[in-house]
Amino acid sequence: MAELIAAANLTKHYPTSRTTRQMLRGERPVVRAVDGIDLVIQRGESVGLVGESGSGKTTVGRLLLKLTEASGGTLNFDGAAVSGLSGDSLRRFRQQAQLVFQNPFDSVNPRFTIRRAVAEPLINTGVPRAERDGRIAEAMRLVHLGDFHRYADKHPSELSGGQLQRVVLARALVGRPSFLVADEPVSMLDVSVRAGILNLMRELRDRLGLTALYISHDLTLVRYVCERTLVMYLGRIVEDGPTSEVISRPAHPYTQALIKAVPRPRTDQSREDLPISGGLANAVSPPSGCRLRDRCPYAFARCAQEVPALLEVAPGHRAACHLTSPANAAAA
Amino acid sequence: MVCLTVLILSFGLSRASGNLAISIAGADASAEDIAKINHELGLDRPLPVQFVDWANRAAHGDFGESFLFHEKVSSLIEEHLPVTITLGLIAIAVAVVVAVPFGILAALYEGTYIDVAVGVVALAGQAIPSFWLGLMLILWFGVGLQWLPIAGLDDWTGYILPSIVLAFVAIPVMLRMTRSGMVDAMRSDYVRTARAKGLARISIVAKHALRNAAMPVVAVSAVQLGFILGGSVVTEVVFNIRGVGYLAWESIGKGDFPVIQAVVLLFSIIFVGLTLLSDLVGAALDPRLRGR
Amino acid sequence: MRTRQIPLLVGAVIVGVTALVALAAPLLVPHDPFAQNLAQRYISPAWMAGGSSEHWFGTDGLGRDYLSRLILGARISMLIGVATIILSGTIGTVLGVLGGYFGGKVDAFVMFIVSCRLAIPLILVALTVVFMVGSSLTVVVLTIGLLLWERFAVVSRAVTRQVCGLDYVAAAWAAGCSRLWIITREVLPNIVHHLVVIATVDMAIAILLEASLSFLGLGVPPPLPSWGLMIAEGKDYMYFKPWVIEIPGIALAVLVLGINLLGDGLRDSLGANTDR
Amino acid sequence: MTTALLSVSDLAVTYRTQAGLVAAVDGVNLEVPAGAMLGLVGESGCGKTTLARALMGVLPGNARVSRGRIVLDGTDLQALSAAKRRALLWRDISFVPQSSMNSLDPVYRMRTQMREVLCGRGDLSRGAADTRAADLFQAVGLNPVRLNDFPHQFSGGMRQRAAIALALALHPKLVIADEPVTALDVIVQRQVLDMLRRLGEDMNLTAIFVTHDIAVVAYLCTVTAVMYAGRIVEYGPTADVLARPAHPYTMGLMNAFPDLEGPTQDLAPIEGSPPDLHTPPTGCRFAARCPFVQPVCTTTYPAPTDVAPDHWAACHRVGEAETLRAQATEAATWQS
C-alpha cells in the first residue's frame, strides 16, 4: 500500500475574542483546535476518527480537505504538498478529495434539483455535458437510488433525511474521488435509517476501494465501517490502532473511559464508575504535558512535565500515554 | 473612527460646491468682492489646511461664526438644542409606552385577528408621512377642536402634537421588535419550562418572556432616539419650533455652511453616542453579554 | 383564503394599480397637469359643495386639475421608489454580500462604512446635497439612492453569513467551485427572498423621503406634481380648504401602506424574517 | 408489579396545522408503576415528545388533548379545572427539558430560578429555599457555589444537572425527562446517567424518560414502552422487551442498533418511512414497513396482547413472536 495522506505536526489555532485586559497586554489567545498531529492514511484504507465535541476532529477533516488553512505543519496528498496547490492543481485536488456532512438538509442547496446538486462537482471540473447524465446515474446507482429519474427533478425538501444523505454521498462520489471525508454522516438520522447508510458505506469501501476518513463521536459506528481507528482528545491524537484492538484492548486511559461510557442495548451491562472524571478542559489554556492529566486517575509527575509521544504498544497499535510507553513498561 | 469619517464627510459636504462666496456675496458680485470674502473666511487656503484648522477648532467646540446670523455657531446651537432634545425624549417615551404593550398583545394573540389588526395598524402608521400627519393633527386638534396650539412651544401643550408625530417614526419598528421577541420567547424552551413549573400566566409572561424579549427593545430605543433626532427637521418645520432641525433647515436654504456642518456633526456624534449607549445597555441587561 | 394572506393581496392590488396608473399616466390624465387657469383656483372636488364633474378632485392654487396632477404624481413616486431601490439595492447588496462572504477585514470595512452611513442624519444631508447640486428629479433619485443602501447591506451581510455557514457552500467549495460561482449560484439565490422584502421596505422609505424633501422645498422642483410638493403648495391654504393637503396625503399614505402590506405579506410567505 | 402511579388510557393529542388536523398521539395506553423508571423509546416524529407534553399539560397553543384519560395517583387530570391542574404542576409532576442552551431562562441566576420554584410553588422561606437549593445542587453533583451563576456559565452536562436539581426541588411524584442526555458527549452522558440512576434508587423516583436511544433505556430504565406513529406498540420490563421483543418494530430497532460487541455483520435497516399522520393507515401503522405483514394487518389495528407478565405488544402475530424474532435477525428479511 502507498500513502495517500501524510500529515506531520499539523496544527490549527483559531484566534478567540479577547478580554480588555488581554488586549492591553497585547496577548492573543488562541483555541488550539488541532495541536500538532501526525497522521498517515494508506490508499484504500478506511480510518475512523473518534472524539468528543471540542476534540478538534472536525477541524482535522477540514484541514485534510484544505477547506481551512493550517497554522502549522505539513500535509501531503498523493506525494504533493497540499499547501502549495493552486489553480489547476488545486482543482484536481478538489476533484480527488470529497466531503460528506452531518446534516443532509443543510448540505444540499435548497434551490437546486437533485440532478443539479449531484452534477455540481462535474460542472466545475470540465466533464462534458453529454457525459454528465451517465455519470450522475452511475453515482445514484452506487448509493442505491437506482431509479434516478424518480428523484432527478425533485428538490431537497421533497426527500427524506436518509434519501438526502444518499444524494450527498452520490454528489461526493460522482467525480470519482480517491479520498472521502465523512463528518458524522449518520448522527442526524434515525436508527432505522442509520443502519442503511452504514451498510452503504461498508459496501462502498469494499466495492470502490475508497480511501476514507470517518469522523464520529460514536465508536460503535466507526466499528462497522473502519479497520483503523484514531482517538482524539483536545487537539491531539491519543490512540491509533486496528479498530478491533482499540475497542477490545484500549491502551490510553481516555479511550478506556470512552469505551466504558458507551451504553449498550442490553440490560446486563457493566454499570461501574468511569475511570476518568469531569469534563473536557479548555482548549485555550489546556493543561501542560498530557492533556488528560487533570482527569486521569493514573496521572503522575511526568504527565505534567512532558507531552507523551504516540508510541507503539502492540504491532500497529500506538498510544500517547506515559504509562504504556516502552520505557515505563520496562520499569514496571 | 466613525466620528472622524463623519467629520471629514461633513466638511467635504459643505466644501463640495465651489460657489460658497458667490452665494454669500450674491450672484452679481465682482471678482474682487468674492476674493475678499474668500480671504476673510479663510477659503483661499489649501483644503487640507482648512480642514485641519476647522477640525481642530470643532474639537474645542468652536465651529466658527454663522455667515448669516453673525453669531457664534456654538451659541446658536446651544440655544436651539434643548428644545430638540426634550422633544426627542418625550417622543421616545411615547413610542415605548405605545409600542411595547401593543407588541406584547400581538404576540400573545399571535396569528389571530388581534395580531393581524395590530400589524396592519402599525404598517399604516409607518405609511403616513410625518409632515402630513403633523399638518392633519394641526387641522384636527388645533383648528377643528381648538384644543391644542397649532405651532410653537409656549407651554406644555405645545409639546403634545410634535412628540406624537416624532414618536410615529419609532413606534412601528419597536412594535415589531417587541412582537417578534415575545413570539420567540413564548415558544422558547425556558417558557415551556416555566409553564411546567405551574407558574401563573402573568408571571410567565412578565418574568420570563418579557424580560427576555425586552432586552433588544430597550437597547434599540436608544438608536431609535437617534433616528428621531435626525428626523426632527421635518417636524420642527411643520410646527414652527425653533429647534436645531429648524435652524439647520433655515441654514441649508441660505447656504450657511458653518451651521450646517456643526448640526450634521452634532447629530452624528449624538447618534454614535446613542449606539454606544445601546450596546452598553444591551450588555448590562443580558448576562450572556457581560464581561465581554 | 387564509386570514394572513389578505393583507398581501390588498397590498399587491394597491401597488399594482398604482404602477399601472403610473405607466399609463399620459393616457389617463383628463387635463394637462401643467395648464394653469388662474380664473379657476381652488375649485372644490366634485363631491363637495362648489365642485364640478369637470375637475373630479378640484383644482390647485394655480387652477391646475388636481386629479391630473395626482396621476402624474403617482408616476413620480413610483419612479423614485423603483429607481432608488435599484441603485441602493445594488450598492447595499454588493457591500453586504462581500462583507458576509469574505468576513475578516473586508467585513470590518463594510461594517465601518455602514456605521458611518448610519451616523449621518439622512434628511439633513439629503437636503444639503440637493441644495448644493440643485434640485431635479435625477438629483433626488441619486441622492436618496446613494444614501439609502444600509438596510440592504446589513441584511444581505447577515443572511450571507448564515448561508455561508451551511454545509452546501462548503460542499461547493470542496467541489472546486470558484468564489464568483459560489456567490452567484449558491449564495445569491438563497438570499434573494430577503432582498425582495428589503426592497419593499426601502421603496416605501424612499417615497416618503422624496415627499419630505419636496415638502421642505428641496426635492422635486416645481412645476412637477410630486405629492409631497403638492402638500407643501397647499399648506398655506389648508385652513380654508383642507382637502388640498388631504388628497395628496391620502394618496401617499395609501401607496406606502400598499407597499408595506406587500412587503409584509412577502416576508411571511417567503419565510424571510428580517425583523431583527 | 406494584400499582400504577400514572395510568393513561386511550389518549389522543391533535394538532391544528395548515394541512388539517394531525393526531400526533392517537390512542395511547400506558401505565407507570410507582418507583419505576419508564423509558419511552421511539424515532423522530413518533409522538413521544407530544405525549410527554400532554402528560405535563404544557402543549403548544395549536395542540390539545382530544380524547382519553390521564390518572395520576388516583386523580383524573383531564377532569381538573385549569387552575387545579396548574397547582399540581412541579409539585406532583415535574419536568427535565431537553438539554439545550435555552431550557433554563438565560437571564436569571440559578439561585433565582431555584427560589422561584421553592418559594413560589413550594411555599418555603427564602432562607429555607437557599438551604434546600444547596442540598439539591450537592445531590446532583454540583458545587452549591454555582447557584450564583447564570446558565450560560455552565457546561452542557452541568446545565443538565442543574435542570435535574430544579425538577427534584418539590419532591414530585413523577418526573418527566425529555431527551435529557441526548445533546451530551458520551462520557458526560454516562456521568449524568449514573447520577440519575443513583438518585432514582435513593429517592425512589418515578420517572418517564423520553429518548430515541435504546441503549440509554437499557442502561437506566426498569420498564420500556416503544412508540411508533402515535401509538405504543410494545410495553414491558426492559430486560424482557430488549431480550425478547414481541413486536416486529422493536425487533427491527434492535437489529438496526449498532453495538460495540458482537459480529460486525450488516445491520438491518427498516426500509421505508413512518406513515403520514394526516391520513393514518387503518390497521397496524407499521404494516407498510413490516416484513411479516399479513392481510389482516392492513385492515384492523391489533389489540395489545400479553406475551409475558406485564409485557404486551400490539401485533396480530404476537403468538409467533419467537419464530419472527429468529427471522428478524437476518438482514435479508428486512429487504423489501
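Read from first to last, the chains carry the letters A, B, C and D; within each, the first residue is number 1.
What we mean here is this: contacts are C-beta pairs under 8 Å (C-beta built on N, C-alpha and C of every residue); 3 or more make two chains touch, one makes a residue touch a chain.
All values reported here derive from a predicted model rather than from experimental measurement.
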item: Shortest path length from chain C to chain D (each step joins two touching chains); value: 2
item: A-D compared against B-C, more contacting pairs; value: B-C
item: Rounded Å distance between chain A and chain C, as computed from the means of their C-alpha atoms; value: 51
item: Interchain centroid distance [CA atoms averaged], chain A/chain D, Å; value: 32
item: Euclidean distance of C-alpha centroids - chain B vs chain C, Å; value: 21
item: Contacts with two or more other chains, residues of chain A listed in rising order; value: none
item: Per-residue overlap in chain B, given as positions that touch at least 2 other chains; value: none
item: Multi-partner residues of chain D (each touching 2 or more other chains); value: none
item: Residue ranges of chain B touching chain D (in the complex, touch as defined); value: 110, 187-190, 192-200, 203, 207-208, 211-212, 215, 285-288
item: Chain A-touching residues of chain D, taken from the complex the two chains share; value: 43-44, 155, 157-158, 185-191, 193-194, 197, 212-216, 218-219, 238-239, 242-243, 252-261, 264, 266-271, 273
item: Touching residues (chain side chain B, partner chain C) in the complex; value: 1-3, 5-6, 9, 13-14, 16-17, 111, 113, 116, 119-120, 123-124, 126-132, 135-136, 139, 143, 176-177, 179-181, 216, 229-231, 233-234, 237, 245, 248-249, 252-253, 255, 260, 263-264, 267-268, 271-272, 275
item: Chain A partner contacts - residues on chain C that touch it in the complex; value: 166-168, 170-178, 181, 185-186, 189-190
item: List of chain C residues in touch with chain B within their complex; value: 3-4, 6-7, 112, 115-116, 118-125, 127-129, 131-133, 204, 208, 211-212, 215-218, 228, 231, 235, 238-239, 242, 245-246, 249, 252-257, 259-261, 264, 273, 275-276
